[in-house]
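Next, two complexes with chain A in common: one pairs it with chain B, the other with chain C.
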Partner chain A sequence: MNSWGHVLIRVLIYLVAAPLLGGLLAGIDRRISARMQSRVGPPLLQPFYDVAKLWSKEPIVVRRSQNFYIIFFFLLTVFTGGLFFCGSDLLLVFFALTLSGIFFILGAYKASSPYSFVGASRELIQVMAYEPIVLLTAVGLYMATGTFQVDAIWGGAFHPLKALPGAHIPVLLLPGVFVALLYAMEIKFRKSPFDLAASHHAHQELVRGITTEFSGPTLAMIEVAHWYENVMLLGWIFLFFGSCWPAGLIACAVTYFLLLVVDNVCARVKWPVMLRSAWGMTLVFGFGNIVVLSLLK
Partner chain B sequence: MGLIPLLIAVPFLIGLALLLITRDCIRKPVVAAGVLAVMAGSVLLAALPSISPNLFQLPLLQGVVNRELANRAMLIVEGAISLYLIWVGLRSSQWQKWLIPLLVVGQAALLLPLELGGGHHPAVAQNLFCDKFSIIMALIIGIVGGLICLYALGYMREFHESHHPEMPDRRNRFFAILFIFLGAMYGVVFANNLFWLYFFWEITTLSSFWLIGYKGNDESRRNARRALVMNLAGGLGFAAAIYWQVRSGHPASLDAMIASGAAVALLPAALLAFAGITKSAQLPFSSWLLGAMVAPTPVSALLHSSTMVNAGVYLVLRMSPILRDTTAGLLVASVGALTFLATSLVAITASDAKKVLAYSTIANLGLIVLCGGIGTPAAVWAGVLLIVFHAIAKGLLFLCVGVIEHKLHSRDINDMSGLILKMPRLSIMLQIGMAGMFLAPFGMLISKWAVLKAVVDAQPLLSFFIVFGSAATLFFWVKWMGVLLEVTQPHANVERNIGRGEWVALYALAGLTFGTCMLFPLLSSFLIVPYVKAQYHLADFSVMGQGNVIIMIIMLALVSLFPLSFLHYGRHVKVVDPYLGGANTGQGNQFTGSAGAVHGMSMQNYYLSAMLPEAKLMLAGVVLAGLLLAGLLLGVALV
Partner chain C sequence: MSGLTRSPWVIHYDASSCNGCDIEVLASLTPGFDVERFGIINTGNPKHADIFLVTGSVNQPNRDVVRSIYEQMPEPRVVMALGICATSGGIFRECYNVAGGVDTVIPVDVYVPGCAVRPEAIIDGVVMALGILEKRRLRLRQDAQATSGDLRIERATAEDIPEILTIQKIAYRSEAEIYADQSLPPLQQSLAEITHDYERMVFFKGVINGKIVASVRGYDNGQGTAHLLRLSVHPYFQGRGYGQRLVAAIEQSFPACRRFEIFTGHRSERNQHLYGKLGYARFKSEPFNPQVEWVYMEKQRS
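The block that comes next holds the complex of A and B.
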């Protein structure tokens, strides 16, 4: 267990660094996507300019309490990232993230417009699509490393019963779980072909789903919450490489680039395709991996 | 002293008294006093831990419970019940005509020779016992069950006077059975002698049969008989367990079974687990609990939260030390896991509020049965915790839906749109109950965390059922919450004429849902951990590290701040109509489209019924679970 001072410093670093990194990532995302579409694209810092501009706008709502849900979505997303980067229990991190996601969805339901209602329903289907593999990730990492503690996994913990060569790098024991999680990442990062609830591509939809009725500072908050979330999602990828951090960093970069490529070459699919394929991937690769791992005793 | 025999006997006596009271003005104080008595008794039992261990040494108590007279009396009542059930069976139609008598006669054939032959009773040192698990169950029966009885006072008056004037008013019978049910439940959780446990077990079967059939129309009578058949099948398993235990020369008592372990007691344990599975409505026996929703809502609340199904999971969890690390245990766990997944998926397709609640009950009981089958200390800890949180939250949810059904004349989830305006307080309580059922950081989450950890430690492959089942659970709860929140047009407040007893029950359960989450570390360290330690002879046991408990409490505190944000309600925002894809007419839910036509709008949830066909999924579940149970029973028969 860390001392409280140590935890506090980590929390502070995370609170400041995560949105900066997330915003930059969003900028890079837009630049690279533009290049893939033979455009020049906006400046690297455009996401920050966008958020600043949104912040200065007048708050407009349909239902007077709709923004409260978004405030708690924001707080809980930040809290979840804090839990993760302080190295606490991975299952709790996942549960907390689910809770924050639910606040987002409830906010959209509360807004009571047909477009945000459809967006909320679709977001909910997305959550249902990726939830199994996210939980299986925790299960798999626990089987490989013998712990749910993020700190211990980063420290290179490995399960004494599964002490194969390279056991301190969990991904070597969990290739299937990793592949299935990558598939789910496409959903979690809100990328095509699974950007059903709200797309950031103008050509995908005429009215923006889940965020239709959110504007001004609230929309800015949603944006920043996503930056926090994205940084943590990359942290999950990193986690698969245990104490081998150079490999982890490379994996994060490769993953993000891969997500962008898929985003730009795929059109949006219908929800049954997403749900079936995500659960199928979870079952075949994710659970298949767990079966193999349980036989390795 | 003799608190435990009193707890069992007093509800029975109150029940018999209520049978004679037909005037509502007299019934009210009697029921209220009875509820206070059972609550006080349960709390007293929990609050006086020092007396429980040597309770049985008190001569008075020994005299009351160990006399042969008590056994004789039970035998006579049991005989009367059997004859009555045979009569019920003969009056019913088709296959039930022979099945019900056959099941009753089968039980009698197994047990009667043992009871008349004697020789088994001296071997059981204590007919009753009381440990921390019994105390937890007693608290649930007393507090949640008691609150439901209070609620029933107002509910049943409205039920008969405003909604079903055509039905004969048999409220005296109704309340009598409610209390007899509570008494029988106390008997189940305090009985150590298996004959006694079986006696109370059969009374719960009979009470539920009467309560489900209360309305007296064809549908309720049919569903009541179905419940009866399935529970009698479980009772047959129970009788077989006793028969085997006695015939192999062992004392017919729970403590003896647990002390002798899997090498000796696995067979009767498997049979008792089978009985528990039927009573807790696991697949393939789920249909009786689904059918039970024809009964008035307090009955559903009682069956689903504090009585009936709890008796089933109680017995399975009692068997856990024996089932641990055995094939029988794995089969039991698989039935629970399969039930959790199948019913969670099917719940997505339901739009009837009571049906969603029923499926979710069966799913949660599945998790508990899963814990019981795995049987490791951590799994049992999680299972007991699940029973507590589920009982409170589910009681609250049913009671809310009952009131809503009376006021809106519908229990369809789609009709609950705008409930926050129609019935603001009910709507918030309903949401508290739902949060308690599935959301971090409320109770269920703690349990789910523990279940997942216990499963991965013991049977990682069963995690398959949990991860998919949890995803489905999330989906059907959140979409229901969403409907409660959305408001597309103004509604009048209809939250009127709700009785005081109903409000007391609702507020108390809502408070308990929250309170047990806050106080869960105390609940765990004073009751559940000592029980697990004693049961498994562990010197040291903890499931959840202190760091995690602190994180949960921080989260709970964070979420509790949410209502505070409403202090800021409507300030500094500009309110506009929603975007509708046309020119808003100012009505909020209408827009002017092309050619000046005015259109309305409506919003409907996803039910995924094409992807998840209810009938097919349930059939698959029944077949698979049936095979697993057939394997279990076949294994028993072969040994």
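The block that comes next holds the complex of A and C.
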């Protein structure tokens, strides 16, 4: 009973704090990006104003059913984050996240406009590009810690058979996997050079890609879902530092800053480049790391 | 202040500008003016935009483009004409291909003159537009909270016809979804055809706060039967009994008729249920195309 109460409190904290944190992150993101371009940039709370505005707009749809997919996308994304922050099974988290991504893609396909079609097919390619390394992350973390339970990894679990020096901080055993995951993060956060499916910037050949046909409250929902998702993605980075949470927090901040720098200095690439490079990174760094780990006693 | 006034997203369309005004629009996004300070984003997507910026005069080929972008923007929305060309046609006004300013096609809320329009003026204009946007938002909320008592039902006039056609196309989208068929006649009807309908039929409209949200039409076939058709209620206002009231009103406008007839698709259960409630009973059905079968329903005046 007590543990259930515990979980409930964690879920509640997550439900409230994650979008606040995610929205703030998005605000910081836009401000830092503006500074990098020697502009002043919008107020810190701008993402919240945007969502509030979208909420009061008229919803225009091509097909009414397209919005149902987005509702599922939203719920599943929130659910995935909930699983993660309640310390549940990492594999379950990854699969649930993929499922939510699929609903987003289905919604865009349902909207049947050439722009959202292009966006949706590119999103599928993006899923293909980052999914292998996401799975290897789970495998790697299991090999390093002997468990898939997020809670246990946070608690500093390490594999008794592989008690190497620094084993309680997974990233020391998984530097390759970590680097490959960083590469995938650039895709997951929809940043340049991999903002193929939907871009934050206007005047694209694909209009707004996957979100083209969503407007008003539905777009607001997509936005908030991304906040939840981003917070959870940073949670993955955090996970690599096990129980050493100050290092984890610093790593999250550095990662986010790095993503922004890359976003601002890179032009976007074509999809074959993204796919090849992401799989290349996965194979060399991710898989290589796991092979080495399995050879170590 | 609401979120709306803090995050106006714009879409910019170059109607037939000499590019002078376009460059100034882009200049306002650059570090020198940085309109993102005010939350302004250039979206490039009409469905995400709140403010429509048009530069250059409107000419024959792009009339439809301007109208189409305008129609795809969700309410509340505002149109700004940037530069003297967009305002009135400017120096191109007399050209044989130029229709004039933007307001010859769509309603313009803010005119920002200048040749070329300066970024300061653009920002000033956007601030004006924000006030209008906010007013529209409140108005929209009023509309949404309108009750059945706020509905005014009256005979439609010739000026209402384009608006009725729009409502019809919006309302029949759900039917197209039921049958996965975009070729249903109400969706295909052109302005010329509906104007022809208007010449031989009686049109009724349902109005809320000055805006048409529902309509129905009908005609007397000369043998004592009135045919009613194209009952359309805007999706936001469905399920409030507006349809029933419209049908009742139009029935009364045919005092000579003893019998009424109406039809709908065989899978349109909502419509059939509605007509059933109004006393209509099914008497025949006819195939229209492989997907759709028309169900005819009739009612005798009691």
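In this text, the second predicted complex is superposed on the first by the 291 of 297 C-alpha atoms of A that agree within 3 Å, B and C clash if a C-alpha of one lies under 4 Å from a C-alpha of the other, contacts with A are read in each partner's own complex, and residues count from 1 in each chain.
In this text, a residue touches a chain if its C-beta (ideal position, glycine included) is under 8 Å from a C-beta of that chain, and two chains touch if they have at least 3 such contacts.
The shown structure was predicted, so the numbers you read here are calculated from the model rather than taken from an experiment.
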Check your understanding: In the superposed arrangement, which partner chain does A:Glu58 touch: chain B (first), chain C (second), both, or neither?
Key -> both
Exercise for review: Could you tell me if A:Leu249 is touching chain B, chain C, both of them or neither one (first, second, both, neither)?
Suggested key: neither
Check your understanding: Of the two partner chains, chain B (first) and chain C (second), which one does A:Ile32 touch, if any: first, second, both, or neither?
Key -> neither
Practice item. Once the structures are superposed on A, label A:Asp50 by its partner contacts, choosing first (chain B), second (chain C), both or neither. Key: second
Point to revise | Which of chain B and chain C A:Val40 touches, first, second, both or neither | key: second
Review point. Touch check for A:Cys266: first (chain B), second (chain C), both, or neither?
Key: neither
Review point. What's your read, chain B or chain C touching more residues of chain A?
Key: B
**Study point:** Partner chain in contact with A:Thr212 - chain B first, chain C second, else both or neither
**Key:** both
Check your understanding: So which bits of chain A does chain B touch that chain C touches too?
Key -> 58-60, 63-65, 207, 212-213
Review point. In the complex formed with chain C, which residues of chain A make contact?
Key: 30, 34, 37-43, 46, 48-60, 63-65, 202-204, 207-208, 211-216, 219
Exercise for review: Quick one: which bits of chain A touch chain B in the complex? Just the residue numbers, please.
Suggested key: 1, 58-65, 67-68, 71-72, 75-76, 79, 83, 88-89, 91-92, 95-96, 98-99, 102, 105-106, 109-118, 120-121, 124-125, 127-129, 131-133, 135-136, 138-139, 142-143, 148, 207, 212-213, 272, 275-276, 279, 282-283, 287, 290-291, 293-294
Practice item. Spell out the residues on chain C that touch chain A in their complex, using ranges where they run on. Key: 2-4, 6-7, 9, 30-31, 34, 36-39, 41-45, 47-48, 50, 72, 74-76, 137, 140-141, 173-174, 177, 235
Practice item. Show which residues of chain B lie in contact with chain A when the two form their complex. Key: 439-441, 445, 448-449, 452-453, 456, 460-461, 463-464, 466-468, 470-472, 474-475, 478-479, 481-483, 485-488, 545, 547-548, 551-552, 555, 558-559, 562, 565-566, 568-570, 572-581, 601, 603, 605-606, 611
